[in-house]
Amino acid sequence: MSFVEYEELIKEGDTAIIFLGHGSMFPVQVQRGAQTQTKYGVIRHSAHLIGQPFGSRVTCSKGGWVYVLHPTPELWTLNLPHRTQILYSTDISIITMMLELKPGSVVCESGTGSGSLSHAIIRTVAPTGHLHTVEFHQQRAQKAEEEFREHRVDRWVTVRNQDVCKNGFGVSHVADAVFLDIPSPWEAIGHAKDALKVEGGRLCSFSPCIEQVQRTCQALAEHGFIEVTTLEILLREYNVRTANLPLPDLGGALDPLPVLGEAQFKIGVPLRETVGHTGYLTFASKSLF
Amino acid sequence: MSFVEYEELIKEGDTAIIFLGHGSMFPVQVQRGAQTQTKYGVIRHSAHLIGQPFGSRVTCSKGGWVYVLHPTPELWTLNLPHRTQILYSTDISIITMMLELKPGSVVCESGTGSGSLSHAIIRTVAPTGHLHTVEFHQQRAQKAEEEFREHRVDRWVTVRNQDVCKNGFGVSHVADAVFLDIPSPWEAIGHAKDALKVEGGRLCSFSPCIEQVQRTCQALAEHGFIEVTTLEILLREYNVRTANLPLPDLGGALDPLPVLGEAQFKIGVPLRETVGHTGYLTFASKSLF
Amino acid sequence: MENSVEQPRQQDHLIRDGDFVVLKREDVFKAVQVQRRKKVTFEKQWFFLDNVIGHSYGTTFEVSSGGNLQPKKMMEEITSETKEAGIDNRNIVDDGKSQKLTQDDIKALKDKGIKGEEIVQQLIENSTTFRDKTEFAQDKYIKKKKKKYEAIITVVKPSTRILSIMYYAREPGKINYMRYDTLAQMLTLGNIHAGNKMIVMETCAGLVLGAVMERMGGFGSIIQMYPGGGPVRAATTCFGFPKSFFNSLYEFPLGKVNCLLNGTFSSKALPSESKDSISVEENNGTLLDDLQTSPKEIEENIVEVIENNHPQQETMEVISQEPEYKEHKERGNKKDYIQEFQRKQEQQKKRQIEAATLLNERNADGLIIASRYHPTPLALSLLEFVAPSRPFVVYCHYKEPLVECYTKLRERGGVINLRLSETWLRNYQVLPDRSHPKLMMSGGGGYLLSGITVANDKQKSESCVLELQKTEEPTAKKRKVQESDS
Amino acid sequence: MENSVEQPRQQDHLIRDGDFVVLKREDVFKAVQVQRRKKVTFEKQWFFLDNVIGHSYGTTFEVSSGGNLQPKKMMEEITSETKEAGIDNRNIVDDGKSQKLTQDDIKALKDKGIKGEEIVQQLIENSTTFRDKTEFAQDKYIKKKKKKYEAIITVVKPSTRILSIMYYAREPGKINYMRYDTLAQMLTLGNIHAGNKMIVMETCAGLVLGAVMERMGGFGSIIQMYPGGGPVRAATTCFGFPKSFFNSLYEFPLGKVNCLLNGTFSSKALPSESKDSISVEENNGTLLDDLQTSPKEIEENIVEVIENNHPQQETMEVISQEPEYKEHKERGNKKDYIQEFQRKQEQQKKRQIEAATLLNERNADGLIIASRYHPTPLALSLLEFVAPSRPFVVYCHYKEPLVECYTKLRERGGVINLRLSETWLRNYQVLPDRSHPKLMMSGGGGYLLSGITVANDKQKSESCVLELQKTEEPTAKKRKVQESDS
């Protein structure tokens, strides 16, 4: 497997997602001879995983079973080790579309963070594009590089450990799109402009606080960016349930016994608590003039 | 009728709401001998309205008919002449609850604007409470006073034509609650504190822009208000419709003719466009110390 | 209209013995009655409320030794004093060694009688990473520590605002998951105000009833429709209304609504009808079971049930059955209990006849439904008691039953301006340079169907419905066409 | 994998003759093909696109005399120059006399050849109330005037972003009211990327197909399932994809899906089977009718249909039937048309057999459904062609059918991680001292049901379903209990 290409069978060194049900899952690095402990018992990599097709049901030692899934950037987002706050698929989706990413796009990103967005970008720009990702935190930059190698996507990504606000992206006039998720995006707008192609490109900045957005929009205007728009996207999930509403007993006129009953129907009920805010997304285009 | 008490029959001088259907309606001032033109024909006040019960169906001259409704603050909000941007019932509801208004409450409000919230406040605090409402625009203050008289609620409201930021509410230490809907609410926080009872009370400020909220919250903290919370409420309306989804023709294996059909069901569909923002509501309590 | 009601007294802002109050710790509420020498448990901390008597509502107390409450000057948020937030967390390496104070140090501080607030401050000062944390992380840290070491309690006056927020946060199942802003909408859409004659059908622990009573301020009348053996009013009690508010509160059993509508319910038939009294007794059995379990649960949660020294005993007949039942259990004397019960039952019947009379006038000023039952049969039958040109509001936790209710009401006729809606509520953090919506929000607070009654002449009803459907179609014409296409 | 696809050329950012482009005026888009001396009508203004050729994408033009476009330096928002907003509108009395310029004055300016932009500036300067208006009112005023007097058009490159926003704003019915952010979710949830073998079933004018093609960049293969006589690809054309992208785009009729699943569809049977060819012809009749009306509508709206000089004719077989049909009508020669049609039909059959082969491998890497049909039968049958451990996404304008689809898929088994969701999108105005969410927002952009396929062993299927239901129950346990109580 790699994160940019489906394969049928699980092989040594692959990252696979063990799906336990209930939306509960975790990633494993497949290794000959290795074992993974789950609440349903042990999974033996050599016997249970290697050579099996992705999507198989694996019966664990205690008799319970799990599914082994092919990794995707979306599953990775749900399972990656958090080194920072991460971007989730709802935001990633609109970022990818609004930045007009596709195979062949060259993208600059900062910070790399836990690599949630990075994986999604690489998936979309491969096999002919490239991601330049800048992370100021050294350990995080190293860890990201490791993960990219493990996930066999390292040829489509360059990780740089530097401060984007001071040193930019390390490339000039190559990017179709720039993405910023840093505390002071307004300080990086100049570098972003420089990284974008001469003939223009798209920019996105993600910020949790409105004050960051205000300053970023001002900086974008000062640097001549156009079509500046800010938006917010929230996921609204529904649980599918069978609801039972009892029918009230209003007293049958003739029947002394109460006529009781209930109405049963399938419903999609919103979750009681849901994510109320991730961040504001500001998009802009590099002006031609 | 009055806006604070239901009556059964329509009488001279009443304000009534003519409901045409489709959510389309308008208010009339009932006057002996007067006529009102509608698309369904003429309504003759003496013959069609006076002495009839509210809620009656009135057949107009062209044979079409309308309903005559008893006014309520909520119907008034939908029908009042706009002299300013107004508050709608969704915001009014949460304002009323969060300010803990009830019969007997004394409330200070600025600006009066078109009187949308004022009518709702008066309805709630009558018969033992009072509204002090301050409007800097002279014509608007006059028009509001007129309306309060016409709606027979003038004994529960005092209108003052002054600048609340400079001159306050004209009363001291009497209010259970203060409501601000002005461009610079932070300039009126001191006056609001002064208007509230010595033993404390609640405050609400409505502002469309986040920068106004930021300044207001700062002023509230400086004046020792506590429990400062900002929220936003939006209405999500659904149309009830019968939807028809055709069933796709996947080709019956034995039947050469396509098996066509459709599924029909009742649904509640969200409106395609809806109000996305009215304003931020900031609530606070006057601290005891 | 004004003379029949107790007006708030001058000293109304002072906490008195016997008052119903709400305790507040951070964002957590609990409703209790103030009683001397009664131990109250709140957020795993016990204390006595004796010392709050005589203080103003809104006063903040700290729990000190022996469970005594000491008034405390309201401290400004500790965050304002320690605002040196890092811009990002690039330099933080989590090695578990960031806190220089040991558990022993902390215990020593506590033993010295250092207050929780000061302990938190010391923890901050001895954290090597606190100043480098982002503000978000700082806030999280402070909140966690504060919760652990401080025990600051504010005594506030109960209100619809406080109680609806309390129930929604802690026992949403008891109020059918009705969010407080949804309740706010109901009160406004229902035009609830002094002087109304309201019909309320709720199974929200009496919270909706209490909210309606608060808005009516003792003016007008309320008929509460109830399923089973009697109305549940645990939350209503928490409002601490004056006795007079209960004079015009009536209750009527749902099980007799059809009789009333058929005209088979009559005041003459009632007292002699033995079958009926049996069913009441049976029902009451159910009620008592309910009370046995349900307020128990409440007690463990957010409402302290009052077992003696019950000032509202006279006015709140139904909930007062509970102490009686307990008395009865204690005494073990079934006959005494039955005699007492029959006296109560007679009284209840008298009130029921009064309620029936009020309903039979069919001129109620509004109808509020918020129950765990399917709303359609309730709305269809109870609307019969409402005057024309009056608002009604039906709550349901789900949208689908209200879609059906909408359809059936349209078929019935006599209603206009039907609106199916929900509200969407988001709270904000507003702080210098770090304002944003709160990270979590409620996914749903229930749905409302509202409308206005109009004259529904039986002879015209059929054509009326047809025409209504024509004229009442909401606006988006273009869309409708598209939908029937697809 | 990389060598089979045309790579973007160096001069790709320059507009060329024959390019598919999108015209933009304020927030309004229109898709057209650049052709010399062809009159284009956009926002009630006509002009020629000759002058845009050779300029960069993103260049802004002004319409000048004779419908010629003149490149124009992008002007900063006029508001930035006139920012002296009143704080409130207390001093504004509307007397209809606030504009000092008369209609004659304005006409004189126009006749002098003064540009629209300058006219607006003069209108502002001659308004006595402009400076006293609130910023909101000022913006409104400027927008109104700008729209009336200026004709500034930007030529942008088509993309999923642009085209999905265009369709949602102007012809939402054609794309089943799918909002652009919903499409964005589908592309991500479906893990659409280069090298996939995708199944796409859409009735969204080909927009969803185009979006999938853009994300696959010509790598991999796509099988488009279509109802009726042929796939509709009006929106796909607007993307202006290179020819090579169409080499691995296949289409397969929905009406033969069951045959394929039953094993009754075979390549041998096809050519000789007369019954089948008749039905194809009939179907094609329907298609032609469709094309006769549906692109007509489009033409009047947002997409200029290309009638001649058709560079993609070879690669976009299906939409190319339309010009042929027109030709046929013009010539009035039915026989020629039928011969030509039969040749096409043979070609179509060959492709259909290829598509059938691809489907029969039952190893597709994903499934996207976005149609006006009930999603349940589509999802149940088309999932059979998908490999295990692959994502699928089903769009529906309504929530209710997806609730049913969810239930049926659970019963079927072989799918996990089912999620029913919608997104909520809000745009913001961010301006100094007046930032807030936009006053209007979309009420709904449709619903998605997504999930992942897994091995579904037939022999174990029953126990599997049971266990799945047990383990797959989403989290909120407490709530579930409450719900089955109520």
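We call the chains A, B, C and D, going by the order they appear; numbering starts again at 1 in every chain.
We take it that a residue touches a chain if its C-beta (ideal position, glycine included) is under 8 Å from a C-beta of that chain, and two chains touch if they have at least 3 such contacts.
All values derive from a computational prediction rather than experimental measurement.
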item	value
Duplicate of the A-D contact set - from B-D, B-C or A-C, the pair where over half of the pairs recur	B-C
Interface with more contacting C-beta pairs, comparing B-C to A-C	B-C
Separation of mean Cα positions, chain B and chain A [Å, integer]	43
Distance between chain centroids, defined by C-alpha means - chain B, chain C (Å)	24
Distance from chain D to chain B - Cα centre to Cα centre, in angstrom	40
For chain D, residues that touch 2 or more chains besides their own	177, 372, 397, 399-400, 426-427, 435, 437, 479, 486
Contacts with 2+ other chains: residues of chain B	210, 236-237, 243, 245-246, 267, 269, 271-272, 280
Chain D residues touching chain B - in the complex, by the definition given at the top	87-90, 93, 172, 177, 227, 254-259, 262, 264, 275, 279, 371-374, 377-378, 381, 397-401, 426-427, 433-444
Residues of chain C that touch chain B when the two form their complex	1-2, 5, 7-8, 13, 56-59, 73-74, 159-161, 164, 180-181, 183-185, 187-189, 191, 193-196, 214-219, 363, 365, 387-391, 399-400, 402-404, 406-407, 416-432, 435, 437, 452-455, 457, 460, 464, 467-468, 470-476, 479-480, 483-484, 486
Chain D-facing residues of chain A, complex	4-6, 8, 19-23, 53-57, 65, 67-70, 72-74, 89-90, 92-94, 96-98, 100, 102-104, 120, 123-124, 126-128, 197, 199-200, 210, 213-214, 217-218, 226, 228-246, 266-269, 271-272, 280, 282, 285, 287-289
Parts of chain B lying in touch with chain D, wherever the complex brings them together	84, 136-137, 139, 182-184, 208-211, 236-237, 243, 245-253, 256, 258, 262-263, 265, 267, 269-280
